[in-house]
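One chain, subunit A, links the two complexes that follow: it is found with subunit B in the first and with subunit C in the second.
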Partner chain A sequence: MLRGVRDSLVVVVPLTAAAALLPFAYSNELLLFNFIVFLVLAQGVNVIYGFTGYLPFGYVGFFGTGAYGFSLAVIHLHLFPLVALGLGAAAAVLLALLLTPLFRLSGAYFAIASFAAAFAVYEVVSNPHLDAITKGPYGISLSQIYNPQLSYGVAVVILAVTLGVTVYLKNSRFGLSLRSIRDDSLSAAMAGVNVVRARTLAWLISALIAGLIGGVFAWYVSVFYPETVFGAEFSVFAIVFALFGGVATVSGPVLGVIFLYGIYNVIGISAPQYFQLIYGLLIMGLVLFLPGGVVPLLRRWGIDVP
Partner chain B sequence: MMLEYALLAGAIFGLYFALAGLGLNLVFGVMRIVNLAHGDFMMLGAFSAFWLFRLIHLNPLFSALFVLALFALLGLPLYYLLVPPLLRAKDPEMLSFILFFGFSQAIEALAAIAFGPSERSLPGRLLGRGPIRILGQAFPAAWTWSGIASAAAVLAVYLYLYHSRLGYLTRAVMEDREEALATGIDVHFVSAIAFGLGLALAGIAGVFAPFMLGSATPSMGLGLTLQSFVVIVIGSLGNPLGTVLGGIIYGVSLMFMQTYFSSWASLLPYVLLILILLVRPSGLLGRQVRRA
Partner chain C sequence: MPSEPLFRAAAIEAGYGRVQVLWGAGVEVREHETVALLGANGAGKTTLLKVLCGLIPPWRGEIRFSGRDITFERTDKRVRAGIAYMSERGSFPGLSVEENIRIGGQFTPAAHLKRRMEELYGVFPAIAERRRGLAGSLSGGQRKMLAIAKALAGSPRLLLMDEPSAGLSPLFVNEVFEVLRRFRGEGLSFLIAEQNVRFLDLADRVYTLDGGRIGFEGTVGALHANDALRRAYFGLK
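Right after this comes the complex of A and B.
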């Protein structure tokens, strides 16, 4: 409980305040918004990979589903953006429910299957035959509800809630039971943990987070193509950022996003290949030399990070 | 007429997909790791063929032999650099997935820096002119020769695994790594050879990729890995011969989709992969390999 309060004071409050106040001091709001998107996605990966050990290689599937659920609710049902956001998130959660049988697979098979699932959703959404419903490959335009201030504000709220969720998972009984499943699901079951229920709940929370931020992304940018919101780099970046900082911690994914996405914005935009090379080598180095990420290293040096 | 064409073209492509999956499956079978950079080695094979033709007009059939030797040699140091540290870790399979993903990104980036992002293709006439008729159906000569070369490579791997001493040792390591070690087999050496062979097979498949898949780009790797993964999951993970069955089933169903439901054909690999993983995770010919 006390640790939860401390974690909130050290990470959640300053980060949320920074996200809310920086637009007044710094003019590139789109960049700040992208930072928020990746902070949220990296924490979403953290929820499912960090705490249960299942690597959602197709995590972007929920992001894109959220974005499309939101947009289609606006276009076809003419809903208010905030209501449509709920529908987009519900679509992502529904997709996650459909995919729960994938938990029968272990390790790399789960990762590959979730990747294939995200591709399948993308192929359906972008298929020219569904032009009348999804606008197919021609993309979505939501200029009638374009509202950067409000959508940015909603993104900040989602960031705060997501960070709160990881603080809760790190310090609660539920989070502990998830980690026990990750380390040894059989022993966890014998100790009275309802493995299937806990794992499914973590999976749905993780999908909900991606669906919400996907919907806000659609709202904020308001013009996008299927390959924008189903781009594999969303999953890949979120996973790499979370791994770099250290999963199953609150601050790890945050450090990963601030450091790596910072580097990306310095060199990655002008020379994407060089950034790709750097993060490819970085992933290899992490697995070989620092499998736990940065935060466990800091802790080993005696620095207490949340 | 269309049915026969789809079946025969599916079989030709199936042989090619079998070759594409074979190396990935060999590496998985021997080391229990997932080489997510497999498709990137195919991409490198395709670019090797392209540049060997552009610079010294080498016929792709000879490029394939060159790539075979080069990639096999490359595989040995790569094995000792990457795999033993992985196998000592707690969950090698999962870690290998992430490690080789990083490797695949690095290769893709280097290829994009070296070759530029544009599409490269090779003229089909390099593998013979005019269509070749098989059972009354006409196919491009490039397809036919790629299919024959694939079949030859698959046959060579079969002979290696089942009729040579090193292949015998390889199968022993596949069966049980610990026991192989206990009987005095140099497990790391055998694995390194299998790793090199896996990369070499990916490279050869890559040489024919411009003919079978149309063109080559530095970013084609991940999609090819996924496609190869589908093939070996259908066959069965860790069973190299199952790959041939997997390849042919995949090739025929792909051709059927393209002939009869062309607008949804691109969905096939993903849906097939998920369905088979869910219904029969061990593959059609496999024994039970899944844990928990």
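Right after this comes the complex of A and C.
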């Protein structure tokens, strides 16, 4: 309980305040928005991978489903953006429900199957024959509801809620039972953890997070193509950021995004020819020397990081 | 009419897929009683315990606990009702000592659990020193102590134990033995599946499990008096 308050004061409050106030001081709001998107996605990966050990390689499927659910609700049902956002998130959660049988798979098989599922959704959405419903490969334009200020504000709220969710998971009994499942699901079941229910709940929460931020992404950019919101780099980035910082922690994915996405934006733009080399080396170094991420290393040095 | 025992499993048939492992096995544990379940490797001890704690649904038979039919009840409900299970592995290596105990007491109200934890740390000083450390960094003996502490954290009425002596040196077996003796004094009931006959000294009654069937049921004295069984479980004498 006390640790939860402390974690909130150290991570959630400052980060939310920074996300809310930086646009007044820094003009590249799109970059700030993208930071928020990756902060949220990395925490979403944290919820399912960090706390249950299932690596969702197709995590972007929920993001894209949220974006499309939102957009189609606006285009066809003429809903207010905030209502449409709820529908987009609901679509992502529904997809997650449909995919719960994937939990019969473990390890790499789960990762690959979830990737294939995301790809399948992309193929359906971008199918030219569904032009009348999804606009097929021609993309979405939502100029009628374009509102960068409001959508940015909503993204900040989603960031705060998502960070709150990870603080809760890190410090609650529910989070502990999830980590026990990650450690040894059979022993967890023996100890009385309802493995199926807990894992499913984490999966749905994780999908909800991606669906919400996907919807806001669609709202904020308001013009996009299927491959924009189903791009595998969303999954890969979110996973790498979360792993770099350290999963099953609150601050790990945050550190991962600030550091790696920061580097991406500095080198990726100034020296794109070296970018992939540097990035690849960083990731290799991470896997070899810091398999648990940065936060466990800091903790080993005696720094008590949330 | 004698009152119903605390725990009673009768005519349990169960297995994996098409392979039947248990052929009508049954056990009873009365209040404050320690019951040993002896059997060689492959006799079906672990399978029976898994049926009893709800991890495997039985094909036939009935399980009752504290006057209720729990044959098809979920494991978490059985744990809430007061049945704890200690597997051979016992603890979560990737969680801290304290987190392991918290998992064991996950259905206990926070204030109560805190008190219980201090109590258990008093009984197991070796793990109390390392409460923030990972369970995986403990020695084999300490890990077994942690497994017992974890199983006891929820203040169960019945503790099912799968080979508490497995993988332990004789010295630690004695230590586990002393700890169990202590908690037996608190009025807890035990069902201990074992190959190690050392644990018989604790038991009020013994069952032998052989090929998925109960062979012998009775007191430890009666087991000793039976020549064939003595040869089978204690070696030739």
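Structure notes:
Throughout what follows, the second predicted complex is superposed on the first by the 300 of 306 C-alpha atoms of A that agree within 3 Å, B and C clash if a C-alpha of one lies under 4 Å from a C-alpha of the other, contacts with A are read in each partner's own complex, and residues count from 1 in each chain.
One rule holds in what follows: a contact is a pair of C-beta atoms (placed from the backbone, for glycine too) under 8 Å apart; a residue touches a chain by one contact, two chains touch by 3 or more.
Treat the numbers as computed from the prediction; the structure is a model and nothing was measured.
After alignment on the shared subunit A, the placement of subunit B and subunit C results in a side-by-side fit free of clashes. In the superposition on chain A, A:Pro291 contacts subunit B only, with no contact to subunit C.
Contacts of A:Gly192 after superposition on the shared chain: subunit C is touched, whereas subunit B is not. With both structures placed on the common chain, the touch criterion links A:Arg182 to subunit C but leaves subunit B unconnected.
On the chain A superposition, the C-alpha centres give an angle at subunit A of 80° between subunit B and subunit C, rounded to a multiple of 10. In the superposition on chain A, A:Arg173 makes contact with subunit C only, not with subunit B.
Set against each other, subunit B and subunit C touch different numbers of residues in subunit A, with B touching more. After superposing the two complexes on their shared chain, the closest approach between C-alpha atoms of subunit B and subunit C is 11 Å. Subunit A residues 186 lie at the interface with subunit B in one structure and with subunit C in the other. Of all residues in subunit C, only 53, 55, 74-76, 78-80, 85, 87, 89-95, 99, 102-104, 106-107, 150, 154 touch subunit A in the complex they form.
Remark: subunit A residues 173, 176-177, 179-180, 182-184, 186-194 touch subunit C in the complex.
Contact residues of subunit A toward subunit B in the complex are 53, 55, 101-102, 104-109, 111-113, 115-117, 119-120, 123-124, 127-129, 185-186, 232, 236, 243, 273-274, 276-277, 279-284, 286-288, 291. Residues 34, 82, 85-86, 89, 91, 93-99, 101-110, 112-113, 222, 226, 229, 263-264, 266-267, 269-271, 273-274, 277-278, 281, 290-292 of subunit B are the ones that touch subunit A when the two sit in their complex.
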